[in-house]
Structures are given as C-alpha cells and as structure tokens.
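Shared chain: chain A. Partners: chain B in the first complex, chain C in the second.
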Partner chain A sequence: MKAAHSLYGRLLGWLTLPLLTLGALLLLQAWLEARTTADHAYDRLLEAASLAIAEQVQRQDDRLWLDLPPAALEMLAGDAQERVFYSLSDQQGRHITGNARLPLPSDRSAADGGLLYRDIDWQGLRLRQGIRRSRLEGWQSGESFDVSVAHTREGRDALRFELLRGNLAGILGMGMLAVVTLLMALRAALRPLTRLRHAIRTRDPRTLAPLDLDLPRELAELRETLNGLLSRMRRVRANQERFIGDASHQLRTPLAGISARAELALRQTQPERWRAALETIHSTSENTARLAMQLLSLTRLANPEYRPELIPVDLNDCARQAVRDHWMTCHQAGVDLGADCLASPVHVAADWQLQESLANLIDNSRRYGASRITLGVMTHPPRLVIEDDGPGIPADQHLLVLRPFHRGRDDHEGSGLGLAIADGIARNHGARLSLGDSAMGSSLRVEIRFPEASQ
Partner chain B sequence: MNRHSLIDQMLLALLCLLPIHAIGGQALHLPADGDPEQARPLIIHAALDLAHVRPLLNAFHRRHPRVDIVYRNLTTLSLHERFLGRPEEVDVMISSAMPWQFALANAGHARPLDDATLADWPAWAHWRRELIAFTFEPIVMVVHRDLAQIAATPNNHGELLALLLEHRQELKGRVASYDPMRSGAGYAYAMEESRRSPRYWDLIAALGGVDARLMDTTAEMLDGLEEGHLLIGYNLLGSYAAPIVEANPELTLIIPDDYALVTRRLAFVPRRAPHPDTATLFMEYLMSRQGQRTLAEETSLGALHPALEGPGTATELRERFGDALHSPRLGPGLLVGLDRLKRQALLARFRREFQRESSGVMDAETATTAD
Partner chain C sequence: MKLLLVEDDALLADSLLELLRGGGHRVEHLNDGDTALARLASAEHGVDLILLDLNLPGTGGLEVLEALRQHDPETPVLILTARGAVEDRVRGLDLGADDYLGKPFSLDELEARVRALLRRHSRTTRLSLGPLELDVTTLGFTLDGDPFPLPPREQRLLACLLRHAGEPVDKSRLAEQAFSGEPMGDNAIEVYVHRLRKRLPAERLALRTVRGLGYLLEGDP
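Let's turn to the complex of A and B:
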C-alpha cells in the first residue's frame, strides 16, 4: 500500500504543506526585509558622503567648484572596502568632476530637494547610487547641481546575509519545533485507531459479540458501524443455522418415513404389500430428491458471489418454452396450462435460471390445487405473470411465503421452497417478484417485474 | 566609447608630470630553465628600475626556474597608458604611483588573490585582496656636508623651516625639491603633506623665500647634491637616494623625526591577465618572507613584512621613528588626488604660497603647465 494511502502519511502531508508554504513565505519576507534593512543601513553612507561633497561645492571663478573631501570617499568605502565612484554635474547635467560618469535619472526632477537611491549596473559592476540634488547657497544665484555617489554592494550583501542567517536560524528552529509537535500530535491523535486495530486483531475469530471499547467520537461511529455489521452477521448466521436445521428436518422426515415404511414391509410376506411399500418409498424418495435439489439451488442463489451471465431473452419464448416443458406433467395431473403471449417480442436480460423459476412457480400452483394455470407476458415494464385458480394465499401471508420452509398450508406434499427459490432467482435478475390476488377470484397471481432499462 | 576616456585624459595629463623613475624601453628577459615547452610565462610591467628589481627577479627565478620572465620597465605614464590600451597583455602591474594604481583597482581592473595567499599579510597593506603594497620607502631629506658651514643639520620639518627662514640669503638657489606642477610624485607628496600639517604652507613659503629649485626627479636632485651646488634636497625618494648617499660620504640622508612620509609600491594582477597562475605565484613570492628578505637585504626598497626585522625593513624604521612615519592609507582617499578641481586648487595654493616670500617670479613655463 502506498504511503499516500496511509492515514498518518495523508495527515502529515496535509499538515506539512501549509507549514512549508508558511515557511517559504517567512523566508521570502525575511529575504526582502534583510535587503531593505541592509539598504537602509548602507544608504546612510551614501547620504552622508553626498552631503559632505555637496557642502564643499561652491561657485568660484564663475563656475562650479568642488574641494573634494577625502573623508567622503573613505566613508563611502566603509569596512567592506567598497569600490567608490562620485561625480558632480551642473544644472544641465554636464559632468564637472568625478572619477566616473555615473548615469543620472532621466526624470531629474524626482531627485529634487532630496536624495534618490537606486541600484544600477554600471560597466559590469552592480552599484548602489545616491543622487543628491542640491542648490548653491548664497547671494549670487540659486544654481542647482547634482552630486552622485555610488559604491559596490559587498557590504550590503554581507549584512543582508548576516541578517538572513539570523532569521533563518529562527525560522528553522520554529520549523523543527512545529514538525516535532506535529509528529507527536499525529501520534497521539491516531493512537485510538491503533487501539481499535489491536482490539479487533486480538478477538476470537469465531465470536460475533459487539466491540466494547472507549473511543473518540469519530472512531465511536466506526465502532457502531462495525457492531451493526456484527449484529447483521449474527442474524445471518442465525438464519443459516435455522435453514440448516429446517433443511435437516425436512430431509430427515421423508427419510424416516422411507425407513419406517421399508421396515414395515419387511415384516410382511405378501408381495402386494411389498409393492405398495415400494411405490410409497419411490414416491417419497422422488419428493426427497426434489427437495434436495431445491435446497441446492437455494444455497446457490444465496451465494452472494454468484453473478448470473445474462443474455437477452424474449419473455414470449420463455413462457412458451415453460408451457412446452410442463404441459405433459400438468396434463397428466388434469391441470390446464396455457400461455398468453404478445405479438411483439419483449426482451429482458436473463439466463437459464428464469426457466427454473417458472418451473417452480408452475409446480407450486399445481401442487396447491390449481386446475388452470396461465402464463402471461406484459410490457412497460416487462413482466411475467402466472395466474392460477387455486385457493390463493391470504394477503397477510404474501411476504412470509417467500421465506424458505414456510408453507401456506401444513401438509407434507410441498417443501415450501418453491416460492423462495423463484424470489431468489428474480432478485438475481434485478427483477422483483410480487404476489397478488388473481382476477379469477381468491386465486394467486405471481408477477415478476423486470427493470425497464434492460430492454 | 572607452569607459575611462575622461578620467584617462585627466590621469594621463597628470602622469606626464610623474618623475621618470626608469628609462622607458628597459626590458629584462629571464628564460625558463629546461624544456621551453613547459615554461610558464610571466609578463611584468613596472615602473621600477632594473637595478632595484633585478635581485628580486633573480631570486624568484632561482626559486621557480620554470618561469619565463619578461620584465618591462616603463615610466609611470606609459605604464598606465599601455595598460589601459591593452589590459590583457600583462600579468603583474607594479607602480609607485599609488593613486593611479588605486584608480585602476577601484574601476575593477584587478583580480583578487586568495584568502590563503594573504593569510599573514597585514590588512593595511592590501585593498580588497586586489591591490598589494609590498615596499616601505620613506621620503627623505638629503643634505650636503657643506651645509655644516652655514648651520646645523636639520632633523625635522620644524628645524628645516627655521633654517630656511634664518639663512635665507646663504641658501638662495641651493635648496631643491619636487615640482608638484610637473611631477606626479611631487604632487602626491604635496597633497599628503598639506593634509598632515597646516605649517606645510609656511614651509613652501620659506622654500619660495630661498628661491628653491623645483625639479622633476629624485635623480636630478641627487645629481645637484653630488655636484655640490645644492646643499639641501627636500622630499627625495629614500630608496633611490640611499645607495647614492651610501656611496658618497659628502651626503647625509635624513629621515625627519617629526613626520616622514612613506610611499608604498603597489602591485596587482590584472583581471584579464594572460597567465594568472604564474602571476599569483609571483605575488605570493613578493609577500613571502623570502621575497621580502630579498627586498630588505639586496635592494634599497624597504621590506614591508611585519615579521621581518633588521636593516631595510619597515619594522626597523618603525622602531626608529614610530608614529612619525606616515603612509597614505590604502583606500579611496587616494582618489582625491586625481580629482581635477582638487588638483587645480592645490597647485594654485602652492603657487601662491611659493611666491609669497619669493624675490623673483616663477618662470613662465612652470606657471603655464599648472593647468
């Protein structure tokens, strides 16, 4: 099983994802902040140096004059020994002096009355430039000029990384703490699950008793569901046990009858008695064989693994086939069997079991005293209808007779399995079997209703 | 357009005025021993006389015989000019013109050396691991023995000033110093000294008072001193003066004990050096104890290595003069000297002060070259 399918892994993944996102955002913020802070700190050097230079600018011999203070350049270099550049330009942007012709911003009014900082790429060097627009003070003229100073970024970058390293340590520490807490929390949260697993694993495999375990709400629901399943299994098992009991009983009774009849016949000497006994034994054993077969089909139908292989079948053919198969038997018993078919084919998905279902229903009607049995086919939805003129079943028994070993009347002729088998087959075909009163009075009408979509 | 065009013009204009430490075109070739196929070429361009550098190169070559050394001695001007024209042809650049070397490194022309290479090299003797100062050369006064007939030998700037003021007539025309208007070295010293001491301008005025002769090179001043028509030479490059003074008993070399400027030769490996490995090897040798000892013992260039002691080392000079030694800091302050306006201002001041007490007028040529 893949890690993604582990509850632990999934929780960890979903909790780590926001944690990582948060960490990345924090890092990004720390990076930007370190940059701003470093620039802020080092821009003061640009400010001071440009001011020191600007203060030395004066008008001499009718032109701008600068007595360059060495301290201004030293200051600009700082501890990181930056490369330094300066230039002085007049109002028209003409270069007066300097060791580099630093570029001036195109919108020079932006720098007016203050300092403009910007990052520039100059001759392959990454520089930070500060441009100070200043004005000559004095009674002569208010001519303005630009002092532009620049230095490399080593000091800033060093400070930035130092700041970032400090932040990084904090962020990493927090991250580690968060991960450890997360792991511990997950472990604690998932512990009841482990308990539940243990409880299930250590159970006696044969027991179906409900789980009694103190669990948190979400798992308590699971426990209730499990207990529900267990109780259904208990009922199923009870049903199975009853079925087996009934089946054994059903089989034992005729076998005991055969045994008793044979024993009785052996005590007698007349061959006529033997013959009568043999006939009885033959009839009973036939019934018993049929019963055993019915039990077999019922067991097969009850198998949830069983999936019939469905092919399209015309219900008209189906009914006609049933009449052909059972006409002789019915005719001998004096029962009138007929089919009422439609002109157009009615297709449903079915397999051979449908015939068996009809056989059971016909047999059932015959055994319970019908003298006329009619098979009918109807459409919308596709239906097979079997009507007889027998005594019928009271409405309150309609559901009960579908259960195995339930018989409408207490005689020993039928096994009580026919209707149950027909119902099981109908279910396997996605159809529904229902009982109703026939139009012929107090007789029985069995209807098998197929789903419409199967056409 | 060349990125350095304007600055270059300015620098070159200044460089024209640097003293010619070396005769242009001097070259030395130390071929590699053994198989020429396996020779490791090394091309050094420097403003440093062959006489001074030869012991160093020989020692390096003995140590690394596989290196094929081509050494070209150029003037500071042509050195700078040639480098800007062809920065990819040279492996090591050596010059005593500190501001110019610094300007090149600042503009990103130099290649940084490894941390390991500079492990025991003092932080004040390199810049960004790119620019290495490897010598320690004081700026000195040289006096002729005949001065003793006039006055006592001055031991510092104060005594020199007093001497100049007191014996104005006797010393007229017999004192020499660098001309800052024509010599880059003289300009650099003027720059430093004017920053150090406000009394510098009094000294200049006093020099003007005795009609001091302003010269272009240390060699020129030494010639005048040796011939005897100069009595005092002020601000001579100690490393060039020392061997001459040693050979001539009439001359005395004085390191001022109030403050003495110290100049340091700067070397760097260009970013586009064709043989950076060999260049690094040479730089390592320059900074090694062996290399520095060779500098101290076999040349008159002072060794800078702080662990070396004895004559010809910075340690020895420091012991003798302590805080009096002033070397310009290896930093962007050096760039100030290259500022066009700064230079004009300084030279104007120099002219003004020099003429304050002067009886005559500066000759027209000197006055016009200032701009």
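Let's turn to the complex of A and C:
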C-alpha cells in the first residue's frame, strides 16, 4: 500500500487511530446514557401505574379483589402503541387477577416495600416489568401481595433513539472539526519537506554548491548531511578535474612524438627508415599506455575518499604472486626475478593495491638497469624488501624520487610515477616506504615497512 | 583450435585476428556482448578458447563471463582489458576467468598465454612442447618421436611442468601434484629437478629455476 510508505499517510494514520477510538467510545457512552435516561423516564410511569393498581386492591370475601380503573393502564400506553400487561398475585406468587400471567422473580424479597425493575422475554415479547410488593392498609392480617406491571419497549426505544440522535450530531460535528484541523496541521508541518524537495529538484545537476534553505531543525540536519555529501563530492570532482588536466598534458607529449615520427617516416621512401620509425612508435606507444595506467593509479591514490578494504594477507604469498606475475616479462628482458620468502606466514592487513605497488617497484628496477631483482619478506616489523643490482639512487635523491613526475635519473623512458605510486599505496596501508642502498653496493633497496600487527 | 574473440576495437581485433589465424587457429570474431551472450548460450558452442574484452558495448564482458560459467565451467577464458587495475583482475578471476591480460600487451605474450591455456585445457590425450610429447594416459614421453624413458618420479615431475609449461610452478604445487602423498622436502625436489635437467636437451628445452618460487619449463629457449 502506498500510504504506508508516505510520511503524510503514516502521520495521518497514527493520528486518526486515537481519534476514531475516542469517537467510538463517545458513541458507546451516548448509547448507554440514552438507554439509562429513557429507562429512567419510563420506569417512573411503571412506578405510578403499579402504585395506582396497588391502591385499588381490596379485600372482599376473604380474597384479594382488584377493580382496575382504565386510567391506571392508559398512562402506560404512550404514543408508541405499547402493549400493557398487569397481574396481581398473592404472597405465595399465585395469580389472582390481571390481563396476563406475568412471570415473577423467584426471589421477591428485594422488592419488599419498593419496586423491582427488570427486562424480560415473555411469549416472544421484550418487556420491561415493574413489581411492587404491597400490603392492604388497615387489615390486621397484613397480607402482602405483588402487583406486576409490564409494557413493551417501543416508547423507550423511540425516546432512546431521539436522545441518541441529538448526541450523535454533536459527536459527528466534533469529529469533522478534528479531522479538518488534523489535515491542515499535517500539511503545514510537512510543507518544509515540499520546499526541500522542490529546491533539490530545480537544481542544476552540474552544480555541487551547498543548499541554502531555511528549514526547521529536523530538516536542517538533513540539509547539513546533504551539504556534507556535496562538499565531499566537490573534493572528488576537483581531484578528477586536476587529473584530467595532468593526464592530457602528460599524454599529449608522447602522442605528439609518435605523430611526428610517423609523419616523417611517411615522407621517406626507404623501408629501413620505416622500420626504424615503426620500432620507435611501438615502444613509445607502449610507454604511453603504461603512463596512462600509472596516471589512473595515482588519481585513485590521491582520491581523498578512497579507503582500502584491508584483509589479512601473507606477505610471502604477496611476494610469490608478484614474482609469478612478472617473471616472464623480466625474463624476456634478461632480468632474473626471484623471491626470498620465509617459512612461516607474515600477516599484514592489505588489499589488492599492494600487488600494484610491487608491480611498479619491479617495473622500476627493471627499467633502470637491474639484472637481478629479489623480493624479500622480513618480520619484526613485517617488511617487504625489493632489492636490485642496478645503478641505485644517490642518497640525496631518495626523498625527491618519491614525488610524482620527478625523474630521478637521466632517463628518457620512465614517467617518474612508479615510485610515487608505490609510496602512495604504502601510505594507504599505514606502511612506510623507504629507499636505501642495498648490501650489494651501489644498488637500490626499497623497503615497505608495515606497522606491527596489533592483535 | 577454434577460438572466439570478443573485442569491439576494430584496430586491435584486426591485429589479433591476423596473429591468431597466422598461428593456425580458426578464429571467430564478435564485437559486442549481446551477440557473444547469444553465441555462447548453448553448451554446444564448440569453442576451445574465448578471448574476452571487458569493456564491451551492450552487455559487459564480466556479465558474459558470468552467464557462460553458469552452464560451462570448462572452456578457458582469457580476459583482455584496458582496465589494468589488479582489482578488476581479481573480479574477473573470481568470476571464473582462467587468465588475464591488461591492455596494452605484447603479441608475444598473448601468443604464449593462448598456447598455455590451450595446452592446459586440452581434451586430447597428447601434450607437446617443442620436441617433447606426452601421452597423458600412459604418462609416456617421446622426444623427437623416439621414446624418452624416465624414472617414475622424474616422469611425474616433467608431466606436471609440461602441463604448466610457460608459467612458473611453485615447489609446493610440484610436491602436491607430482609427488602426491609422498613426504618430500624442498631439497628432494631440487635433486629430481637437477637430474631431470641433465636429461633434457638443454638447447631446445629449458628447465628454469624461478628463485624462491619454483621451476618453469620453456621450449625453444
């Protein structure tokens, strides 16, 4: 049902429920009250009639005798054409006279001196009966007798409905008023929500400016949350825009080289020149593609919103996997890549980026003249060590080469991004990347030092 | 062998078709994910290897792979993609890809991977590398067509290396697959490898050591 999912519907539902309950209770009370009032009014008639009858009871021939004046019963038959019954019975409950043998309650002591009222079903008729216990005045014997008077309920019911009708109009009026007020209140309370929706809907989808809207406290919190999200999105977008700028700049240069080389080759006719040009174009395009990938990695790293999903990883597995992935490439380039793993596992929290970091470091060593690269694992603290026998990096350059686009050595092949990416990934893992001289003299040793496992 | 190339970039596809057809394969080329889905919908697709690009128009490569693996866990799939990140590679391998090449790749590397995948998933009973041939059912080797008898352990070792020719095989995996059940230290494996190496014609088959990892068998060094 749709209403259940709307705030308006939900509020309306929860507010209407008590209102309906209250209305129902009021109705029930009005019904009961009307009945009491109607009974009360008509019971007075029963009382009067029974008294009138009791006064007519005499003793004749040692028997009770009743000479009933018609007026005594007429007062019981109102406009509603009720049927009226009476009976006179002696102390033992024997019927003496009357126009009906009305039943008497088995326990009549309660009626002594007063009047007992009760509702009875008699020969298919719903009757209200009044029973009066009385004595003959002035007779020593003091014999008591019961006068029972009953009439059908038409008059009572008519009065009751009339009373109820009056009450009902009042209750309905109140209910209507309550519902109208409720609807107006709800609409007024939810109006800021409509304004917020309208403000969001009419925004230019390209803008990430904060929402400036006066709202009640609960919605102001929502607005602030939304503005927080927008500001984070602004940061991410600024980051992306910077990347696109950097990337287009970085990529345009080698593409210009490729284009120039091809154009030049097309003007020449010697096949050996074409071949030379094609070889250059091939290697430049490979480097350009690698540069594009590295730029992408760097942007991901620089993304302030990126949080790596860290899972426990064995550094030995990590090193072996990297050797497996890059062995062929290194082997074809005449580089001996190997691992130096430990027998027992060394667990750190890491994600897939760690492989990318190792890929960049292996690639870096391979490009800068190493002939032997070894990935090592050490403990206390957990460390990954990449050692090569290349020319190494002078100590004063160790920090500089970690900067993006810094070309540490006089090379024309590198992008100056590999070490920066590896460093960025290490930072994302809470690890530190440091450069040093390897034990083999003028070669490079890169160490990624992880924090000691906290468990 | 029947290969299916699903790649939307015309320039790259043309080069790959030329390369693979030149290598003696029958190659069928599709350039979007939807037709690939339809083509591979039946289990009787008759393809021996699928080269699948991830970034396809319409249905993406990973979805094609997922749908294929629902009814066909066997046919090897080599993913080719410009999405270079290891993250995508992990997703691809999780979905049941057998290997992965990030664009750009060298054609040599592609050829090597295709060869390795076809060898590993070969339904024939014979595996070969250069002059060496193995009858999988009898584990009998031949070298240049002549029987090449080996002691049982070296025989199993060579069979395992041949099955994975062109890729490094971990020592632990060798121990598990070639000496299954036998307690075998790293040193013992080294001894068998050393003996095996001496028997192989070094100028045509190389059994290389991958330091700290294991060994690799390579033809035509």
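Methods note: the second predicted complex is superposed on the first by the 235 of 455 C-alpha atoms of A that agree within 3 Å, B and C clash if a C-alpha of one lies under 4 Å from a C-alpha of the other, contacts with A are read in each partner's own complex, and residues count from 1 in each chain.
One rule holds in what follows: a residue touches a chain if its C-beta (ideal position, glycine included) is under 8 Å from a C-beta of that chain, and two chains touch if they have at least 3 such contacts.
Here the structure is a predicted model, which is why all the values come from computation and not from measurement.
Novice: One more residue to check, A:R83. First (chain B), second (chain C), both or neither?
Specialist: It touches chain B, and chain C stays clear.
Novice: Which partner chains sit in contact with A:T284 here, chain B, chain C, both or neither? Use first/second/both/neither.
Specialist: Neither partner.
Novice: Which of the two partners, first being chain B and second being chain C, lies in contact with A:N167: first, second, both, or neither?
Specialist: So A:N167 meets neither chain B nor chain C here.
Novice: Looking at the overlay, what does A:A339 touch: chain B (first), chain C (second), both, or neither?
Specialist: The second partner, chain C, only.
Novice: Just to be sure I read the superposition right, which of the two partners does A:M293 touch: chain B = first, chain C = second, or both, or neither?
Specialist: second
Novice: Taking the superposition as given, does A:W327 touch the first partner, chain B, the second, chain C, both, or neither?
Specialist: After superposition on chain A, A:W327 lies in contact with chain C alone.
Novice: Which residues would you name on chain A as touching chain B in one complex and chain C in the other?
Specialist: none
Novice: So in the complex, the part of chain B that touches chain A is made up of which residues?
Specialist: Residues of chain B touching chain A: 3, 6-7, 103, 106-108, 127-128, 195, 329, 331-333, 335-336, 338-342, 345.
Novice: Flag every residue of chain A that touches chain B in the complex, lowest number first.
Specialist: Touching chain B from chain A are residues 65-71, 73-74, 76-77, 81, 83-85, 95-101, 123-125.
Novice: Flag every residue of chain C that touches chain A in the complex, lowest number first.
Specialist: 84-87, 90, 102-104, 106, 108-109, 112, 166-168, 170, 208, 210-213, 216
Novice: Show me the residue ranges of chain A that touch chain C in the complex, using the header's touch definition.
Specialist: Residue positions touching the partner: 285-286, 289, 293, 296-297, 300, 319-320, 323-324, 327-329, 331-332, 336-341, 352-353, 355-356, 359, 374-375.
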